[in-house]
Amino acid sequence: MICSPPKSHDCIVLSNKRLSENSIYLTRLHCPDIAQNSSSGQFVNIKVSNELSPLLRRPFSICKVDKAEGWFEVLWQIVGRGTTLMAGYKVDDVINIIGPLGHGFHIKSGIESAILVGGGLGIAPLPFLCQDILEKSSANIAVYVGVRTKADLAMAELFNDFDINIIQCTEDGSAGIQGYVTKPLIEKLASKSSVPPVLFSCGPEVFLKRMVDISSEFDVEGQISVESVMGCGFGICVGCPVEVQDYAEGERKYKLTCIDGPVFDSREVLLVG
Amino acid sequence: MADLSVSIGKLKLKNPVLVASGTFGYGQESRALTDLNALGGIVTKSVTLKRRDGNPPPRIFELPAGMLNSIGLANVGVDTFISEKLPFLSELSTAIIANVAGSTPEEYLQVIEKLDEHDSISAYELNFSCPNVKQGGLAFSQDPKVTQQVTRMLRDITEKPLIAKLTPNITRVSEIAQAAKDGGADAVSLINTLVGMAVNTQTRKPQVHTVTAGYSGPAVKPVALAKVFEVVQNVDIPVVGIGGIMNLNDALEFFITGACAVQVGTANFIDPSTGEKMVGGLNDYCNGNGIDAISEIVGSLKL
Amino acid sequence: MADLSVSIGKLKLKNPVLVASGTFGYGQESRALTDLNALGGIVTKSVTLKRRDGNPPPRIFELPAGMLNSIGLANVGVDTFISEKLPFLSELSTAIIANVAGSTPEEYLQVIEKLDEHDSISAYELNFSCPNVKQGGLAFSQDPKVTQQVTRMLRDITEKPLIAKLTPNITRVSEIAQAAKDGGADAVSLINTLVGMAVNTQTRKPQVHTVTAGYSGPAVKPVALAKVFEVVQNVDIPVVGIGGIMNLNDALEFFITGACAVQVGTANFIDPSTGEKMVGGLNDYCNGNGIDAISEIVGSLKL
Amino acid sequence: MICSPPKSHDCIVLSNKRLSENSIYLTRLHCPDIAQNSSSGQFVNIKVSNELSPLLRRPFSICKVDKAEGWFEVLWQIVGRGTTLMAGYKVDDVINIIGPLGHGFHIKSGIESAILVGGGLGIAPLPFLCQDILEKSSANIAVYVGVRTKADLAMAELFNDFDINIIQCTEDGSAGIQGYVTKPLIEKLASKSSVPPVLFSCGPEVFLKRMVDISSEFDVEGQISVESVMGCGFGICVGCPVEVQDYAEGERKYKLTCIDGPVFDSREVLLVG
């Protein structure tokens, strides 16, 4: 759902918490406009430095919003230079952010059952998605969280506010169910319930590919949030194509992750992972 | 109030700060991020005869103080440009310069024939220099004869100002600038991107799909300034400076070297209001330094 | 233990990490800052027939991720090089490659005639590409015919390996590489510096005295990789990669692209032990990845 | 005086004090080798960042040393990106430094009278020069300190340890003698004392030019410490030439600031300032 056109905001850091020893952080930023005018699955593009290197902004999903208090949160992990700088953000720092950006999740009115699946940091947009679904429906929600190891499960605590089912998996078996998150998910889908769920997922490309297969296998609607290298985040660089297989529009072979996505119908996108 | 206006042949600009082709979409994407009418002009994404899908991903890779891109001229094509993009641009009170590209001279001709009746287009920038397409593009501006012929052919079919956009990937860019002038171009703009490359040492694959790609951003500014200097010193033609311009000081370097206008490229991805801010800063700079007209700065390099 | 040795024609290097001409003096300046014998080779500052004073200051200007220089081939001249600099270099257990420059083909010839009897010199690198002198230099490597003729003339008077150092300031560097090969060169090295420029907007003067100057450092690496790629793909001659190499990962990008050896330049100013550390890192990298010989990496780019 | 060839050191920050509101800092670094093997007028080249920009090291005069405790100090001012980073140095930070570098001041044995003149940050090498002269002789020392304004006189306190004459001038007259430091200096030189002093000076190029004139006018020996943009600091880039007028060596027109200097005989160097 696109809302207003993207604007540039100087956001104040309200908190910057390290959630786990694996250097996962949750950053809360004051910005009423983004808090009030974004929908789940959208993202923001953060100016991480005022130097010429790192040069480009860094995109992050909106993880949670509080419209009343006028803040939103991003959940992220240190992986490189930009995120290393972000780890240094202190309360009251002013950060330039463009957002909200992109097309988020599409929540059908009257949705009855939603399954949210997050692989690793792909969990990031799902708390906001919970908020959105619960606001718009009385759907039954289950969240499947798949991470590498116990420490990463600190992210699952973001769902504690919601009265929903949380299934936790770790690859190394250090907590929750051992193995990939797709295992319990498939079991659940196989034990057919009366209401077909909508499958919302976000995570690494290989994981999303698996989710696309699962959606088609069980013939349920799937929405996936994909990632891409981004030059701008709002459609001016044309640097973030995803291949699409639905040639409804004629010759079109690519859509842009940043403005046509990042959320796509799982039948539409051709993933390479 | 300083006079920031600039004339390039018949093209009048209210100020010398434009945004570069392919780095500002079709204007509307940034409408809430900057005051488009503050700009001296908007150069559109390259328009080709047919819609182009562009190259497969990855198309972009970040580098220290720069980036690689191999978009491959992805664009909606001239017909859709006219029907869907031009109406928005036409409403703006800034110069609209259509950047035209093609694989053959005839393609340039056909695109311009379609665009020429639209009064909202103030001028054409001829993209003779895209490094990211197999045919055409780069080849055109690496051979003076071809540059002159194609320019002449287009000169003959339009009254509108022609700006030939040149590649830096060449031994002597001033020869091409001279050829463009001889072919009837009103101005040249430079630089388009440098040819660059980066390798992922883990996967041993190139970082962008096309292996080599276009290098832009602050890191190319010294090269851009040297190329502008070469043309200014050797050819009597107005020069529009492009390459790594991030702020007013960068723009001033180009003006002092002899560029009569500048285009902001990669900087737009980080802040699409870079141009707007530059216009404000330029105004303050002139007023603060007793400069009445931008022409007092242009070419003021002390040698 | 991985085998890091490399053969370039008759030139045997114990490892593929050299230091670049003009960025390491004559070796002795850094003797307490690094283990010179850890290097695969030392390329000397360009040696000319007569001592050269070089250009007036300012000669250097720092840029984001790079620098400009216009040293102007300042050097002690071949006779003083032999009497005062070579004795120290001769004692080292690393390959000494004399970089030779001149304003005329005869000057190259005379320098090599003087150097040729000295066994401690393993090879010559022919600087066909210095952008900072009025005559010679750049011109030589911008014209394939001249490149071939000069190389041939020098090939005829020495048995030692010849490495032609090429400029990136050219439309097609592979044509020059082919000409160097046809003239009898054993290898080519690239890139020399890009032509760049910067302006002091306060004084309106160029930031270096010669106006344009040589651009080097991390910012030129993408250009260097693209040029190496062009030569590797089009010419059958060993390539030594140069340009913005700061660490092992940078060097690996060049090896994967197809360079059989690399030279560390600007990085030496910040840390003259960069090369030594790179050799150590390369050794660990090979051992850690089950690579027995450096040749397994060279040209392993997945296209 | 050249001592040992330059080495690279990982130095520990012992303190980093802001001396004045004009952002002048004094940084103390632990490094026995530099403390013990340097002489006054030499400098160090500091790796200010681990990023690619600023790329090159930044040169600073050695301001004071303590051989016994194994530290040295640099006195500097925020003027750009490198020094802005240095302002962030904290106790126990480890900084890579190459030094000692260059040829320092030449102190003749038996020197009887020394006049040290510092213009602005040119004061930096003079406390070490005091130490050196007092160690090697019983010379009578006078220090002339010329700064822009009162706050900068915080630097003059570096001479408090020594039993010497300090003459302080500010350009704006906010403290000490009003005007350029050369005024009281000329008066002093005009009132000829029996022993001709050696004039040691360091400061901006225009100031040094004036000092060269003064030395020749009063026919006294002058040593000046000059600055230049530096690529390396130890002779490998050939980027720091100063024009010399003594053509004793034949065709030589340039010497290198970093290895032939930074201290030169005032009659030798052709300044452009």
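Order of writing sets the chain letters: A, B, C and D. Residues in each chain are counted from 1.
As a convention for this text, a residue touches a chain if its C-beta (ideal position, glycine included) is under 8 Å from a C-beta of that chain, and two chains touch if they have at least 3 such contacts.
Because the structure is predicted, anything quoted here is derived from the model rather than measured.
The chains in contact with chain B and with chain D alike are A, C. Chain centres here are Cα means. That of chain A falls 36 Å from that of chain B.
Chain A and chain C have Cα centroids separated by 48 Å. Mean C-alpha position of chain A lies 57 Å from that of chain D. Of all residues in chain C, those that touch two or more other chains are 63-66, 218. Residues of chain D found to touch two or more other chains are 52-53.
Chain contacts here are complete: no pair of chains fails to touch. Of all residues in chain D, only 52-53 touch chain B in the complex they form.
The part of chain B that touches chain C in the complex is made up of residues 63-66, 68, 142, 169-171, 194-199, 201, 203-206, 211-212, 215, 218-219, 221-223, 225-226, 229, 249, 252-253, 256-257, 300-303.
If you check the complex, the residues on chain A that touch chain B are 4-8, 47, 52-57, 96, 98, 228-232, 234-243, 251-254, 259. Chain B makes touch with chain D in their complex at residues 64-65.
Those residues of chain C that touch chain D in the shared complex are 22-25, 29-33, 45, 51, 53-54, 56-67, 69, 71, 74, 217-218, 246, 266, 268-273.
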